[in-house]
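Below you'll find the structures, each written out as structure tokens.
Shared between the two complexes below is chain A, which pairs with chain B and chain C, respectively.
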Partner chain A sequence: MTYFPFIVVAWILAVGLYGIVTSRHLVHQIICLIVVQSSTYVLLLGVGYVTGAVAPYYWDITVHTPAVDPVVQALALTDVVVEAAVTALLCSVAIQAHKRFGTLDPQELATMRG
Partner chain B sequence: MDQLLALVVAVPLLAAAAITGAGPLLGRRRRLLDAVAIAVAAAVAVMLVVIMVRTADGDEVYWFAGFRPFHGAAIGIDFEAGSLSAGLAALAAVLVTAAMTFSWRYFEQVATHYHTLMLTFLAGMVGFCLTGDIFDLFVWFELMGVSAYALTAYRPEEGGPIQGALNFAITNSVGAYLSLSGIALIYGRTGALNMAQIGVYIDRHPPDRLVVVAFVLIISGLLIKSAIVPFHFWLADAHAVAPTPVCVLFSGVMVELGLYGIARVYWSMFGQALGHRAAISHTFVALGVLTAVAGALFCFRERHIKRLLAFSTISHAGMFLTGIGLLTPLGLAGAAVYVIGHGLVKAALFLCTGIVLHRLGSVNETWLHGRGRHLRVTGVVFTLAGLGLADLPPFATFLGKGYVDASSWAHGLPWVLPVFIACTILAGGAVLRVAGGVFYGLGDAPSEDPEMAEMASEETTETVSGRDRTPLTMIIPPAVLVAAAIAFGLITRLGQVAQAAAIRFQDQAGYNATVLAGAHILHPVAAAAAEPTGITVSDVAAGTGSAVGAIALALAALYWRRLPVLRRGYEPGTGLTAAIQRFQSGVVNDYVAWIVLGLACVGGALAFAIT
Partner chain C sequence: MTPGQRRAMFLIGGAGLVAFVVWGLLGLPGFGHYPGPYGFIINRFALRQTHATGTVSAVNFDYRGFDTVGEEFILFAAAAGVATVLRTLRGERERSPADQAADRDAPPTSGAVRMAALMFTGPLVVMGWWLTSHAQTNPSGGFQGGVVLATAFIMVYLAGEFLVFERFSPVDVTDAVEAVGAGGFAAVGVAALGFGLAYLTNFLPKGQVYGSVSSSGTIALISFFVGMEVAAAFILIVVELLDQTLLIRGGG
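Showing the complex of A and B:
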């Protein structure tokens, strides 16, 4: 058990949030959102790597075989699928924004205020 | 145990897939798809009502593929239905049915993907209510979210929907990832994803900072979804631009689902172990009251009818959070009754706004002033719903609000009652001001705010406006919803039943035993003493007072220019407007900055309170 993965997670999360807050370009902003989500991959995989751990479910291996937790890998895969859906949707909206306004700056796109 | 619990999500998901496939094949007979989609939503509503009634005496658990717990360890994924969760899911299904019936004639041509998205949205909401697995909670949250983002951008050729959908999608996605981080941490600590099993583990081991951090992260995503100040900014933008029938679902049930998630997470996993009930309760009540007040103030100054209703939803979300945050059975029961009453009347208000847009082509209160006189039926329904929003007895809203107030009064927070009455008067007064001005032409038109006028004019292409008569499929759903809100308030045992369901919901040991050991809990243990649920004179007086106050405020807002004292070009609240615009900037960057700041404050407060 080491704290290193968790420090990396916090760093990626902070960098991604900083990017979203300061971004002036939609595509850049969407990529920053992906960065935020990447922190959850690292966190999930970091949680699954436990020194000396064995698999939680046994089928074709002997009971005490060291293994990485397969559950978190399934979770990370699901997470990837979710990200694909959200990113695809956001990108299609960004394309529409560019077609309609010729800009991808969130501040120029903001017509509603108050 | 039977298959009904699985069918309520399987049916809409399969129907959505079938409709997507069949859409292009049907050519001109597309009405068939509309009918199928409405029938599916109605069938889901019926099934959920059956589940709700059946679970009044004990929760039901369904294990997918029959993977039952093995020696108290959950290896499969379960759905857990109680009266509260099934009831909320049923409300979602009823509102989806009403919204899709309304859409029959509302859009020029309903695209196939509209039905698909509505049905996946419904499946996401129902799954979110019923799931017993914390990771699945995240997956349903995202399914609900993605469908909602796509529905917001239903008309992507315009500017507003693009901005609204982007703000909505980015803020809510950030929230979902924060929740997922919390879920990963709690899995790392407990090795479980089943909420009951996590609850058992945390209860047996003294909770440390990691558990507190996980709790804060999980609820932060849900706080964003439920539009609690300062996480609320996305809501008004999304509501202003989403098609009106979709707003019905956003306001009527999606926001409330976020709050339900907080309650579910707290009472199935953390409630027993974290302790410090008073500190947690105070944090939630403070957030709730702040949200209620801010939402009501924003609501009253709004001229864009859909945004006005959106801010009223924020105000009500704060009141619901207060009810939940009291951590008492009556508080939770009050919040549940209030959610149902509010969901029904708010849906009716949005649908009437849709009719106004359909007939008159605008949602700008100033422009519409006096132009809705000939929409008599719509005017009556809108006014009745507005009175319901202002807690007039016998609308179910007055009961729910009365319970929340009574419970807060009994638990040393007497100041909540007058604050909430003031919030209701402000929000209800704003809606009744719209009703009086638009449908009856009372008083003077409110002053024009140029930016708002521009915003409101963007709406015009949502539906084909300028029709001569209102189709029956558009006026019947809101009328039925308003009637249902009144009927609910007239059920004599409503309070008693709701409190029994709330006690069951809050009994963490009972929940854990039901899920992991298949126990049938006949007499759940109350977390706090049950309180009387009779309708008291003070409930009726507070409800009637709020409604009368709202009417008075609405009339004052319409006629104040004619008062002799104030003739000299006095315009109240211009400074306030400028100040609010600096907060509600419409730029997603600012909203995410607020989220980070809010997370730091809420997380800090909770961490300080608990450890």
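Showing the complex of A and C:
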């Protein structure tokens, strides 16, 4: 049994969180959030993997061919869509923050009152 | 709190979090040892039940269809949210760059960019359409196809002027397409109720040939609606973000 992909998950999560905490720019912070979310893709696809199995598309293979779990792959798709939606919203909030306060540094934004 | 202190705080808390996450992940049944049973059951029966060779799409648009309705409306709400957050605020007005400096021309788009963008537009439309219409057979579907279709419109923007892009995808039409896409998915589900079946039951004839475009009943139909919705939502979001470059603040 190998756990390497799951260690990668924890690593991506930690790196992304570190980026969010130390970021000095809202857009950079949004990208760090995307990194955090990317760890869930690796986790989902890692959980559903079966050693030696193929993709669950029965176009040119028979039903009895071992294939990986399609449920987690569908969940990863949902994950991507949610990430796109969240990123779009956060970007528009960042634009408004810049318009209002003239800065995108979270440190400076925290000390400002509009 | 200074950035240094914040980093120190995070390193302590983050180390604890990562320790717990790793502890939890090590309780999983090892990479490559998926225990089942759901994936195996679906892999075994999806082809027979839905006539879709693309099992992931079968899960997305049939077995787990109700979830996907929610997923689609998340994107719908996000596009509406972007439009709301980026509305024209008090003291802002739109202007075209030409009004500001009538004596100067905007730098023209370079010929190489124009050519490349126009070359990609056609193939992107074909590819987006193919992905949208082959959810039931291949690794594709409405979500992927919709994004590629939206990219084709963004290529038009890259190739020319923003105003041409806006003429290509007028906001009213895009709004309507998005609404039809989102509503169509929900309506397919409601249609099943009319036959006395559960919401989003795959009630259409599933076709005789496994893996043909006309197979799999509502999966293909839903994928088509999702493709419309996603393409329109992404075009709307991009138009809203690009609109910001035309805004000026204050009376100026």
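Keep in mind that, in the parts below, the second predicted complex is superposed on the first by the 97 of 114 C-alpha atoms of A that agree within 3 Å, B and C clash if a C-alpha of one lies under 4 Å from a C-alpha of the other, contacts with A are read in each partner's own complex, and residues count from 1 in each chain.
In this text, contacts are C-beta pairs under 8 Å (C-beta built on N, C-alpha and C of every residue); 3 or more make two chains touch, one makes a residue touch a chain.
Being a predicted model, the structure only gives us computed values, none of them experimental.
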**OP:** Answer with first, second, both or neither: which of chain B and chain C does A:P106 touch in the superposed model?
**Re:** first
**OP:** Give one of first, second, both or neither to describe whether A:V36 is in contact with chain B, with chain C, with both, or with none.
**Re:** first
Original post:
Thinking of the overlay built on chain A, is A:L17 touched by chain B (first), by chain C (second), by both, or by neither?
Top reply: both
Subject >> Superposed model, chain A: greater residue contact from chain B or chain C >> reply: C
Original post:
Does chain B (first) or chain C (second) touch A:A85, or do both, or does neither?
Top reply: both
**OP:** Considering only touches as defined above, state whether A:Y49 meets chain B (first), chain C (second), both or neither.
**Re:** second
**OP:** For A:A97, select first, second, both or neither according to whether it touches chain B, chain C, the two together, or no partner.
**Re:** first
**OP:** Scan A:L26 for contacts with chain B and chain C and give back first, second, both or neither.
**Re:** first
Original post:
Which positions of chain A sit in both the chain B and the chain C interface?
Top reply: 9, 13, 17, 21-22, 43, 47, 56-57, 71-72, 78, 82, 85-86, 89, 92-93, 96, 107
**OP:** Please give the residue numbers of chain B that touch chain A in the complex, ascending.
**Re:** 75, 135, 139, 142, 145-146, 149-150, 153, 156-160, 162-166, 169-170, 173-174, 176-177, 180-181, 184-185, 187-188, 191, 193, 237, 240-241, 449, 451-452, 454-455, 458, 577, 580-581, 584-590, 592-593, 596
Original post:
Residues of chain A touching chain C in their complex?
Top reply: 1-7, 9-10, 13-14, 17-18, 21-22, 24, 43, 46-52, 55-59, 63, 67-74, 77-78, 80-82, 84-86, 88-89, 91-93, 95-96, 99, 107
Subject >> List of chain C residues in touch with chain A within their complex >> reply: 3, 6-7, 10, 14, 17-18, 21-22, 25-26, 28-34, 36, 38-40, 42-44, 46-48, 53-56, 58-60, 64, 67-68, 71-72, 74-75, 77-79, 81-82, 85-86, 89, 137-139, 141, 143, 147, 210-211, 230, 234, 237, 240-241, 244, 249
Subject >> In the complex with chain B, residue positions of chain A that touch it >> reply: 9, 13, 17, 20-23, 26, 29, 33, 36-37, 39-40, 43-44, 47, 56-57, 71-72, 75, 78-79, 82, 85-86, 89-90, 92-94, 96-97, 100-101, 106-107, 109-114
